[in-house]
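Two complexes, one shared chain (subunit A), two partners (subunit B, subunit C).
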Partner chain A sequence: MSRRPPRGEYIETDTGNKVARKATLVGTQNIMLGGKTVIMPEAMIRGDLVRTLQPSPSSSGAPPNNTAVAIGRYCFLSRGCCLRPPGRLYKGLFTYMPLRLGDHVFVGPGSVVQAATVGNYVHIGAKVAIGEFAIIKDYVRILDDTVVPPNMVIPSFSIVAGQPARVIGEVPEGGHEAFELRELYKTVGNNPQPAPV
Partner chain B sequence: MAPPFTPYTFIQCPCSDSSTFNRRSPPSTPTTHHFHSDNDDNDDDDDEHPFDPRAPRSNYSLFPLEYLLYCEDCHQIRCPRCVAEEIVTYYCPSCLFEVPSSNLKSEGNRCTRSCFQCPVCIGPLSVTSLESHPDPNLIPAPDNTSAAPHGGPYILICSHCAWSSTEVGIQFDKPNSIHAQLAKLRNGGNPRMTAKERKERRKDLAQSLGSSYSAASGSGYPSHFADELDLDLDLETQFSNLKLFYQSQLANANPGGGASGGSASGSGGAFGDLGFTSPTSLSRILNIYTSTSSQDKKAKSRIGTMREALDRDEGLKIANLDESEAIAKLHAEDHAGTVSTSQLLNQTPQLHLGEPHLHGRSRFASELRPIPYLLRTKRSKRCPICRHIISKPEAKVLTTRFRIRLVAGSYIPSITIRPLSLPNASTPDPSALRPSKPAQFVLTFKNPIFEPVKITLATPALTPGRFPSKVTVLCPQFDIDANTDVWDEALKDGDKRRKKGESMDSATGGNNGGQHQHQPAAGKIWERGRNWVSIVVEVVPASLRKPMPVVLKEDEDLLEIPMFVRIEWETDAMGDEVGAVLGKDRDLPKLKRELAYWCVLGLGRVSDQ
Partner chain C sequence: MAAATTSSSKRHSILPPAQSGPKPPVQFSSSITIADSAILIGTHPITISTESVIHPRARLDSLGGRITIGRRCIVHERSTVGAVGTEGGSRSKREEQPNGVTLGDYVTVEVNASIETGDTVVGEGTHVGVGSKIGGGAVVGKHCTLTPYTVVAAGETIPDYTVIYSNGLRRQDRRGVAELRNKGQARQIEVLKRMIPSNPSKFQ
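For the complex of A and B:
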């Protein structure tokens, strides 16, 4: 963080997203960014893994929803992490399902996220693997090197660690503010500001 | 290698000191208390007792700031150990369904839907159809195949370790309400009676046996009943049989008392069932313990009328001492077929499930059962002294809001520590503390409240313990500006200059010129911002080999500084008087408040060179 990146390392969008030029975004038309999201170099988002089956043909008027990865505001995707939509057999056919990230989600370096839903204010540590169709609710802290098994549901205010993951503690009442990523957002980009005291 | 050390600040909750705990007003100074005196050897005569972070008791009173709450009525810090918790909601952590507390009594503290954990790796189990590709040659199922494409038997499968319930021979007919289905299944697929069925069955048996019992003239049950019963005599049945038997024995032993005991058991609670409410049975029990000689012939003879269970219906179960089967199985299955201690501990208490107890039996993986998820709670917290609620979450499971959340972090300043790295100093690794080499740390105090606060710090000159390090707080007294609103920040330049001028005049001193060039000096603030102040602490770590090399105890190389923090601020008397809101512009009498507490600064580990 202390290293000042060379100028123009990030593409800054109108909605405040800071996307590193060295990030690997596949299928960008299927990736929705909520704004103020930081995508560090070497991060990967697999937007190409879009669902092959539409949920119901009844809503014929609406255009098909092709979002593969939806990301909320103030998310932070660290170096070398990967967001990958989960896939499974549905009615005998294999299809991917969208991956949704809420607001203020931190994904640590080297982590792979294949969750169905990640809530708001979630901190995912470094080298974490989140299995397919896991559901992570709000205010969850996943410690480094955790392996969250597929289909696991992690309730709000959990601290999770281990292989396989288990809830090892509860986020204390005073720890909610630590999930805020507004300040972290300001510290990266083309003209980063020093972290406040 | 150990992970890099991150400095920490732990704050002591006043509940650990009984002299200050019951006081509503904050303590002005730490007072000597006799139970603390054993923690301290060198300055017993001193009034000001330094807090020893190494004392065994300290483990239970030190908390990071995030874990602490604050009672607005007592004006005191409250920790997780001293608050009184009340359960707001019970819910399953897997399906996130709320469980009413009435269900809890009848159905236990586990999820009774379809949420299970793997008995091998505790990962979540998911329900899958055993026949993922239905054979087209088979006759199509009569149900709607589009709605349920996978018919047939269902199993629980762990997606982490690939354990499946087929390994213990369990399959389900329906994909929902697995808990109820599992309660009727033994490992291996044999049916198991539920408690209700067992009760009905006993009633039936008693009726049918009423005639056959006399016909068989006390020789036991007819053989076909015996076989069935042997299978069903699991722990739960055995216990209920035994209970029934001894109740009847008590009633028979003293018919006079038995009647009253019987009526008491009808109306009374759990003890009533055992006949404890009956005075005769009580005196009988007491007699067992008191009478060594035959003082009370009558009571003695009464005991003699009790007999033990004789058959299965009375709860007798002959212990199976023949373990050759288990040994043979162990030979066949090897170590991999046995369960580990943690797996065994994760199993639900077998009494609840009514399974054969694992105790005293071979412990094989084939006897593991899926673990229903333990319910989780949302809890509100009360101040232990004034009983006011200081934290209350919304009752709904899916909301994360709090109705009340009085956290200490919004009342007392946060303290962050970082090693001081001067541009001209060439310290290769500032986090490594070298013996007898002065090291400087920057402590940053951030004020969360909307009034300016005055902070006074005190540390012992030498840290407690066998290896006392020298500690000097360069600026032990300073003011921090109020935590103004964000839009005030725009005006901060002029405001701050004015404030700084004030603080320059005051005795605390201030320094705002050349923030990055200056040297740490005594009595000077290192850096200052809108609502924060940084000061410098200098430590001279002790040599761990002085006077001679010794064996270090755990964490003795850790440099921890006990620090007494005293905060003073003035507040409008708004919180106490309702009408005070109107007089905002007028000069209200300002209420002076203070809060004082011990905290511990963990600075780093002293290297052993």
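For the complex of A and C:
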């Protein structure tokens, strides 16, 4: 009895994305992955919540941009996290706005991200709630159990913690190498490599 | 094959099995929006009133008692309404038709929030934040705001217009924006109605 090789836990795309079969992606046609992104099991992305209002009426005839969630390279979405675009009333109408993640963004297990923009090299800890339309700049570390209130802007190189979130420190000089996620990317997938010590 | 064995070994969990549970009797209004991948389980009836929205992967569990959801409520993904709590459910155990959870009109239950069963009441216009937990038998008043990761103890009574922060701090909301919030909720539902493919017949 011949059997096909067992299906891996992850789907690996040509651009190096590793998406767990048990991840819940809703509205996949509106989710952009930059490449080399890891989506672990039970992570959830709401791509179906697209913006209803287009910024300018399509006069140039270009197709409307329907991206709901855009993710950069080397992002790592841990188990049980949830990315959903933020929504608000705009000119009397309710609309969702796109959620953008930069490169090398780590989202910890159980976190809910409803930010407008997350910059590059951002580390979001476990069980963090990021409120709607928060803007997180580059090289930010958000510690576990933080509640980032809606519309908060977190400047670059800050360390943030607390309920509600406050800037409690700065990323030390030379500390930004710790945000690099290339090594972590290699440790998951269908044939994971052990993490370097 | 391997998956089957692992899942059978996982069945020893104390939690009720996910989707294999009994199909509850439902009473839907014709104007609700319920996603295909919502999870409805339990033995007691589940009632959802007009224009409410149930997001994908939201979980309504009526094992511990009847679930009633008011008008224009939004239940977000991965939230649980009617979770079987550790101590909840004792108050109405002997009744024929125990009340599990009652959500008033215009209630929002955010992502990962959990409302335990056992005659729990959430009043009109209340916003239950991300990852919050309301214990069994708690009565939350009207137009309250529960910020992310708030815990309301079982059996607690929260007065109307209370704001509860995740660190336990409470204050009264005197802004008087309840009407506006309800209007905003109605707008949001209009949009969600178009976005979430509804499939109420799957549950009926």
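Note that the second predicted complex is superposed on the first by the 187 of 197 C-alpha atoms of A that agree within 3 Å, B and C clash if a C-alpha of one lies under 4 Å from a C-alpha of the other, contacts with A are read in each partner's own complex, and residues count from 1 in each chain.
Methods note: a contact is a pair of C-beta atoms (placed from the backbone, for glycine too) under 8 Å apart; a residue touches a chain by one contact, two chains touch by 3 or more.
Keep in mind that what you see is a predicted model, and the values were worked out from it rather than measured.
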item: First, second, both or neither for A:139, with subunit B first and subunit C second; value: first
item: First (subunit B), second (subunit C), both or neither touched by A:50; value: second
item: Partner chain(s) touched by A:84 [first = subunit B, second = subunit C, both, neither]; value: second
item: Subunit B versus subunit C as contact partner of A:93, first or second or both or neither; value: second
item: Contacts of A:175 with subunit B and subunit C, given as first, second, both or neither; value: first
item: Partner chain(s) touched by A:155 [first = subunit B, second = subunit C, both, neither]; value: first
item: Contacts on subunit A seen with subunit B and repeated with subunit C across the two complexes; value: 89, 92, 131, 147, 164
item: Residue ranges of subunit B in contact with subunit A within the complex; value: 65-69, 80, 91, 93-96, 121-124, 126, 132-133, 146, 149, 158-161, 376, 381, 391, 397-398, 400, 402, 405, 407-409, 416, 444, 446, 527, 529, 532, 534
item: Subunit B-touching residues of subunit A, taken from the complex the two chains share; value: 89, 91-92, 131, 137-139, 147, 149-158, 164, 166-167, 172-178, 197
item: Subunit A contact footprint on subunit C (complex, rising order); value: 2, 37, 56-57, 77-78, 111-112, 129-131, 147-149, 165-167, 184, 187-188, 190-191, 194-196
item: Of subunit A, residues touching subunit C in the complex; value: 6, 24, 26, 44, 46, 48-50, 52, 82, 84, 87, 89, 92-96, 110, 112, 127, 129, 131, 145, 147, 163-164
